[in-house]
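Both of the next two complexes hold chain A, though its partner changes from chain B to chain C.
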Partner chain A sequence: MADAFSEASDRSEDDSQDVMTPAELIAKLEQAWLNEKFSPELMESKSEIVECVMEQLTHMEGNLQRVRKGDIKASIHRMEIDRIRFVLSSYLRSRLRKIEKYFPHILEKEKSRAEGDPSFLSPEEFAFAKEYLANTESYLKTVALRHMPPNLQTVDMLKAVPKPCLDSFVFLRVHERQENILVEPETDEQREYAIDLEEGSQHLMRYSTIAPLVASGAVQLI
Partner chain B sequence: MDPSEVEFLAEKEMVTIISNFSLDKMYLIGGDLGPFNPGLPVNVPLWLALNLKQRQKCRIVPPEWMDVEKLEEIREQERKEETFTPIPNPHYMELTKLLLNHASDNIPKADEIRTLVKDIWDTRVAKLRLSADSFISQLEAHAKLDNLTLMEINTTRTFLLDSLNSMYKLRASLQPQPAAKGHHY
Partner chain C sequence: MFCEKGVELIKELHLLGDGQLSAFNEDGIRQVLDEMKALYEQNQSDVNEAKSEGKSELIPTIKFRHTCLLRNQRCVAAYLYDRLLRIRALRWEYGSVLPASIRFHMCAEELEWFNQYKKSLAMYMRSLGGEEGLDITQDMKPPKSLYIEVRCLKDHGEFEIDDGTIILLKKNSQHFLPRWKCEQLIRQGVLEHVIS
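After this line comes the complex of A and B, so read on.
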């Protein structure tokens, strides 16, 4: 009993800045997954969550190596691991899909990012985006551009690739109450009006109106 | 979102099972489970309940709301009200489907429940279509969707959002813009 107690208190000291249980971590990953799935633009990279989840999975898989086959406990753990791994890869895949779709704009945003601001891309995603840009450019060059008259041999990727449409409508659920959210009118005859987002309520509105709230975690896309 | 992914989320809902084996408390990443004792009820996520059921290691206790009388009440309420009534579980449709497909022998009056839930679903989705129609024809910019479940939202998501976006683009190209902001390719 004494041992267990001292171990627990040790741990709470270690994690004093970051008190997140594994269950909360998984919940965070699921939130990030759904937000990424439904938001029209690439969200801020959650590399920290991804790394922590990977750590949990590797740790658990390591433990399972020592368990004999056919053990019911092991099979339950394995099922849980598979479920978490599914969310994790679906999350990373939806990010890659957006990077492939909007790479020039994402790289531009990354370039203009102020020193110290959190990056929108993980280092691996950044390398992927750069490589994707280089490959696309060299592909266009070899296939078509070099056969063009000299004055038409360049393509501005920023103009050639459409931007993410931030005015898209999204469904969302409110985690923290928000007041006075301005809803812009759809037509010139309508007037803009303010609404309050009650905790737990669900809404359909334009992503651009609530984008900062998604980033801060006050609302969740669904 | 694929319906199977909504189902995946529904599988996290907790259900009560009565296991026929014993097992110590388990420490999963997502939380602790158990201990399991033969004949004693224990709460587990649905994914585990279904797996144990398939291996014939447990009996699933149907959720409290999965009851003919309660569902009949909900159905009447749903038909009477114009808005969406609160539903006993945010994943009622997926839970019904999964439980009835894999554990119908543990659920009394399974066929009646299937029909009732289908009725409730149909009523709600009809309302959803009506409100989507008025949302579009009135050019609304905001809608409150309380009590709507994820699966219900998912049935209209692609169609509704794509239509709204296309209409927005069409309208935007009608209105003269001072500086050409839209893309023309």
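After this line comes the complex of A and C, so read on.
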């Protein structure tokens, strides 16, 4: 993938202090994309990656305009742009899908977030989530709730909308060796036990057990 | 029996299958609301009686009615919310303009919700990255090849591709076109992807 970027990268590296190469950027995007796709809950927002990739895409499109017609290089680059754009869109789509699915819980989490902690939502996503909540609440109110008896005119969205199921199982690949991961018992006869995760090994386990490792990048959902 | 109408609403959605929308059951909702009103009024008078005359034997009945009220509320909310989710999916399938046959099944408030959702989504997509934003309702499937074979299902007129070439999309004609230009037209039913 690095090839397709080579032209774009020369210029963009001057104006951004980031020393990330385009290939690293795309690897980061793919990592974020897979994690987001397979984790049951909304992951931390990666706005910088999204912005950088968008910038790269614009550069590449610009470069393509200058390539002469019928050049084989042009179609290869075009394909590359398409593929990157698909990954980016798919990443943002799965985030939006989760926001729509779990909006009361996500907004609640955002509210209780301590000052200085990284936000789980980008500013745009936050605005979207708030609008979605307000829109849905006002809809339920006008159509039905206001016609109900006085003590039943509100619905607690936090209770009404299901929470993400953090106990669901996920496949993962280990990037950095981890020791003593406590695995909760599956049945009553089993007891809690600890395992070590070797680098490069693959596992199937509950998301809740390894959620912090996914966030830190030590393991990758696949 | 209480709550029967409410459960009927839920059943209606259940029978419908995924992603489909039937006519908004205004009548069913009204019947549930009427039942709730009656239950509530009965409860009010019983509560007063239990308080003033100390009739504690009324309490189980009051509790029972209240549970029915809660259940009705839940059924109605579930019915409405589930429909919203279906309507949401339509935005992604059909784009921002819904076919009249579907709009026909929606009530005025649902249309309003849809319009608001459309606006929120458009605002979100515009705010992404550069000046133009990014349309994330495009690129739904991973690209396999740059060009695809498509067949026209109806006359669409002239169509310009990126390099300035203009082609005529005539019914039953076949073309070999850049995939990213066709995606929208395929979903609108103008073109059909020919898989050989």
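Observations on the model:
Operating definition for what follows: the second predicted complex is superposed on the first by the 204 of 222 C-alpha atoms of A that agree within 3 Å, B and C clash if a C-alpha of one lies under 4 Å from a C-alpha of the other, contacts with A are read in each partner's own complex, and residues count from 1 in each chain.
Here, contacts are C-beta pairs under 8 Å (C-beta built on N, C-alpha and C of every residue); 3 or more make two chains touch, one makes a residue touch a chain.
All of these numbers come straight from a predicted model, not from anything done at the bench.
Applying the stated contact rule after C-alpha superposition, one finds that A:190 touches chain B and leaves chain C untouched.
When the two complexes are overlaid on their common chain A, residue A:136 makes contact with chain C while staying clear of chain B. With both structures placed on the common chain, the touch criterion links A:50 to chain C but leaves chain B unconnected. After overlaying the two complexes on the shared chain, residue contacts for A:162 are found with chain B alone; chain C is out of touch.
By the touch criterion defined above, A:125 reaches chain C but does not reach chain B. Legend: residue contacts after superposition of the two complexes on their common chain; A:218 is shown touching neither chain B nor chain C.
By the touch criterion defined above, A:83 lies against chain B and chain C together after alignment on the C-alpha atoms of chain A.
In the superposition on chain A, contact is made by A:93 with chain C only, not with chain B. 79, 83, 86, 90, 160 are the residues of chain A that lie in the contact sets of both chain B and chain C, per the superposition on chain A. Only residues 29, 33, 36-37, 40, 69-70, 73-74, 76-77, 80-81, 84, 88, 107, 109-110, 112-113, 116-117, 120-121, 123-124, 127-130, 134-136, 138-139, 141-143, 145-146, 163, 178-180 of chain C touch chain A when the two sit together in their complex.
Taken in their complex, chain A has these residues touching chain B: 22-23, 26, 30, 37-38, 56-57, 60, 72-73, 76-77, 79-81, 83-84, 86, 90, 160, 162-163, 165, 167-171, 183-188, 190, 195, 201-206, 222. Residues of chain B touching chain A in their complex: 1, 5, 8-9, 11, 21, 23, 26, 28-31, 33, 47-48, 51, 57, 135, 139-148, 150, 153, 157, 160-161, 164-165, 168, 171, 175, 183, 185. Of all residues in chain A, only 50-51, 54-55, 58, 69, 75, 78-79, 82-83, 85-86, 88-90, 92-93, 96, 100, 124-125, 127-128, 131-132, 135-136, 139-140, 142-145, 147-149, 152, 155, 160 touch chain C in the complex they form.
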